[in-house]
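Multiple structures are listed underneath, in structure tokens.
Below are two complexes that have chain A in common, paired first with chain B and then with chain C.
Right after this comes the complex of A and B.
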């Protein structure tokens, strides 16, 4: 009897951990975008979650317009949110640039205001109702004993990882990617190499926003969209960046999975509805025990 | 172009940060193919002057002319495209990228792959150690090697005017001689230099022409020889260093 309940418990752990992995990839992707924007532009982008909201609602508009393919909706979301990101960088952030650096505090306050404005704009246009796109990424589920995983959750995970890998390859192997990293590391030397910090900033913010927008369109077939959804995801993204380490790419991926798994496991012990505090609590613990993040570099050397 | 024409002209520049002027009505010119040095005590505005010339800082008054054409309103990357190069005082490279990637970024504006390969070969010929370490991260180089990488990064654009902010900083006397040896030989090949330096003795021994600043204004200009001969100036700029 005792042994059976032990096995039961273990299976539950595995089951919830697997579900956590499904969401963890998405958190990692969001953290990666936030990390990129911070690392290159030194802007703490509080409106990162709203880029996801805008992606989700682009998908919903496509659905209302009769486009049922979620994949077409994702492409549309990437295009729309890239454009919005570009306009924000060009007309709101660029004016805050002094001597090739964006004023950090002003950038953060601006993005905080922007997140409120965007969430309320979405509320004004689409109303407070929970909405969802008509199509599905895939039908059916994978069943492994008690473990039932919706196929579309698996697709969200894979797509998140593919996008994250594409971003990393872009930054690592292309000249433009190297220029983006160069601007993050040393804007003056980048300019002395003939790189336009202005253009790299526009590109970086557009890419970071596009990734969040893609995430938004990716999840709406599986979860509901609502105007204030962005805030939660901003919190997840911040948690991922702090836990993984500011500026650390692998840290963001690792922390994304860690957060997803711990959040999912918390359902076993915490009353439902409390799972949203897991990210901030993990973040606080990280700040106390290892302020530079799990895979981060100690400040001072950077 | 006449050999003694000015490649750089700084005319009546006033500049500073947040309203307070660090430079006041400053003038300076670099003749083509020469090495021009700028000296002055801390706070004289030497680094600020270089920032204005490279384009990091806009002057509130005055003009910067390159080959007689005003570039005062251009951002740094467009001045680089016109033949200026700049090496900052410290860490003027990208530590988390390899030596080779640093050189490639230095040639960001050079679209011709053959030209890039030629220049990279020239860099590796001049600095064999960089060739040896081409796959290593720049952050793993020693201070002297990093300085050589920065000179190499600069060579990738084949600049006509190189602007160096205290190239001797943090280097042993022996390495200072090595770095200045390379600067001199690049200058002899036709590259013009404008160099700010705390190591006044070293600069006087290699430069063709010297400007001395004080409180953001011109104090003296002339040959290093004349400056050393002038008792009062020599005491002011050389005296403290015995």
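Right after this comes the complex of A and C.
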């Protein structure tokens, strides 16, 4: 009997870990966008979660307009949020840029104001209600014994990984991607070699925002959208970026899964509701013990 | 360092003092008095944030953590020991100061963004605990079992004078620490160039913990005063929205001046509350837009604008 309960326990662990992997992919994707923006522009974008909100509400608008395909909504969300990201980078962040570098603290405080404006604009336009989209990414679930995984969750995970892989391939193999990395390493040297740091900043912020926008449209069919949803995701993105290491792409993916799994497993030991403490606590421990993050190489100062 | 005031400045200060002292008698209704009471608490909170950022160069993204911890500690302490409300503020101040030490010590090595995010992580952890520890904090319902200074109805005038006195003294003390004391000078030296400050014999480690402790003390005190004034503490007092509001108030008022953030806090809070007709959503949008505009066009804030367009020497040096 004792053996049976041991097996039971183990199965529970596997079950919760699997659920954690499902959400972890999304956290990784969010962290990846935030990390790209920080790594290249050296600015912490507090309104990153609001980009996700805008993506989610683009999907809602598409649904209201009669478009039921979630994939069309994702494409629309990417386009809308890319444009918004571009406008923010061009008209709000560019003026703070002096000699290829954005003023760190002014950038941070500005994005704080932006997050307040965007979240409340969404609230003013759409109201406080939780909203859903009509379409689903897939019907049904996969059943493996006690393990029941919604097909939608699996698709969100796969899509997140595909987007992350696409971004990495873009950064590694294309000339523009290399230019982005060059600006991240050393803006002055990049500028001196003929790269327009100004254009790279616009592009980076647009791509980073687009990833968050895609994430927003991707999760809406499985959950719901509400105006204040962004703030929570900003906190997750911060946790992922700090745990994985600021500027580390692989770190973000790894930390995303780690956060997802630990948060999911915490349900076993922590009373319900407390699982949201996992992100901030893991972030805090990382900052205290290893400020450069698990996979970061740069010293913990900026 | 003696300051000479022009006749116009003296007149302005006198006008503010007279309005503040007679407000209960000239205000057309109690709602205005109540709004100003809370606005005064925000003045202390904004000033304590400015002490950290404007003088020591340390950005706090979790200032609500100090405020909320002060509020909950004071409320719970007075309730469970059956003490009158007056014991609350010292308890809140101690709690805030201890959190300052708790944040300051382990994050000593951190700079810039990392340091900012560590304060956020602390306050978010407290936020989650306050929201979920129902048996102690009553969760999102809010805690309302603790005593208040005075009754809300009928004794509002007494409350107002207590709030005016304590909050004014707090802001004045923060101003004195930042602008007139040796400590303030040390903080500024550390902000401007910590390597040089160290070379001059300043113990950076000690000073960083000290400034976090002082800032936390006043923010915790503000939280406690708030708790014993309104008689209700809820988890949103620990939430990120409050921190954003405080940073907005300080930036708009002008960081590095203490008075700027304090005045901006009173004016902004009072204005947004009194213009409630327009709805909170639009208030938030207006504050956010104002914050963005100030960062872009007037990063020194209103106080900075006054300094540049007046004859007085700049605050930063």
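Everything below uses one rule, namely that the second predicted complex is superposed on the first by the 298 of 302 C-alpha atoms of A that agree within 3 Å, B and C clash if a C-alpha of one lies under 4 Å from a C-alpha of the other, contacts with A are read in each partner's own complex, and residues count from 1 in each chain.
Operating definition for what follows: a residue touches a chain if its C-beta (ideal position, glycine included) is under 8 Å from a C-beta of that chain, and two chains touch if they have at least 3 such contacts.
This structure is a prediction, so every number in the text was calculated from the model and none was measured.
A.B. asks: According to the stated criteria, A:242 is in contact with first (chain B), second (chain C), both, or neither; which is it?
C.D. replies: second
A.B. asks: A:189 in the overlay: touching chain B, chain C, both, or neither? Say first, second, both or neither.
C.D. replies: first
A.B. asks: One more residue to check, A:273. First (chain B), second (chain C), both or neither?
C.D. replies: second
A.B. asks: Contacts for A:130 in the overlay, against chain B (first) and chain C (second): which applies, first, second, both or neither?
C.D. replies: The answer is neither, since A:130 touches no partner chain.
A.B. asks: Now for A:224: first (chain B), second (chain C), both, or neither, which partner does it touch?
C.D. replies: neither
A.B. asks: Have a look at where A:71 lands relative to chain B and chain C in the superposition and call it first, second, both or neither.
C.D. replies: neither
A.B. asks: Which partner, chain B or chain C, touches the larger number of chain A residues?
C.D. replies: C
A.B. asks: With the touch criterion stated at the top, can you tell me which chain A residues are shared between the chain B interface and the chain C interface?
C.D. replies: Residues common to the chain A contacts of chain C and of chain B do not exist here, since the sets are disjoint.
A.B. asks: Chain A touches which residues of chain B in the complex?
C.D. replies: Listed in rising order, the residues are 54-57, 75-77, 80-81, 85-88, 91-97, 101, 104-106, 108-109, 153-154, 157.
A.B. asks: Write out the stretch or stretches of chain A touching chain C in their complex.
C.D. replies: Spelled out, the residues of chain A in touch with chain C are 38, 44, 92, 95-96, 104-106, 108-110, 112-117, 119-121, 123-124, 231, 235, 238-239, 242, 246, 271, 273-274, 276-277, 279-281, 283-284, 287-288, 291, 300-302.
A.B. asks: So in the complex, which bits of chain C are touching chain A?
C.D. replies: Touch list, chain C to chain A: 59, 106-107, 109-114, 116-118, 120-122, 124-125, 128-129, 131-132, 240-241, 244, 247-248, 251, 281-282, 284-285, 287-292, 295-296, 299.
A.B. asks: What part of chain A is in contact with chain B in the complex they form?
C.D. replies: Touching chain B: residues 99-100, 175, 178-179, 181-182, 185-186, 188-198 of chain A.
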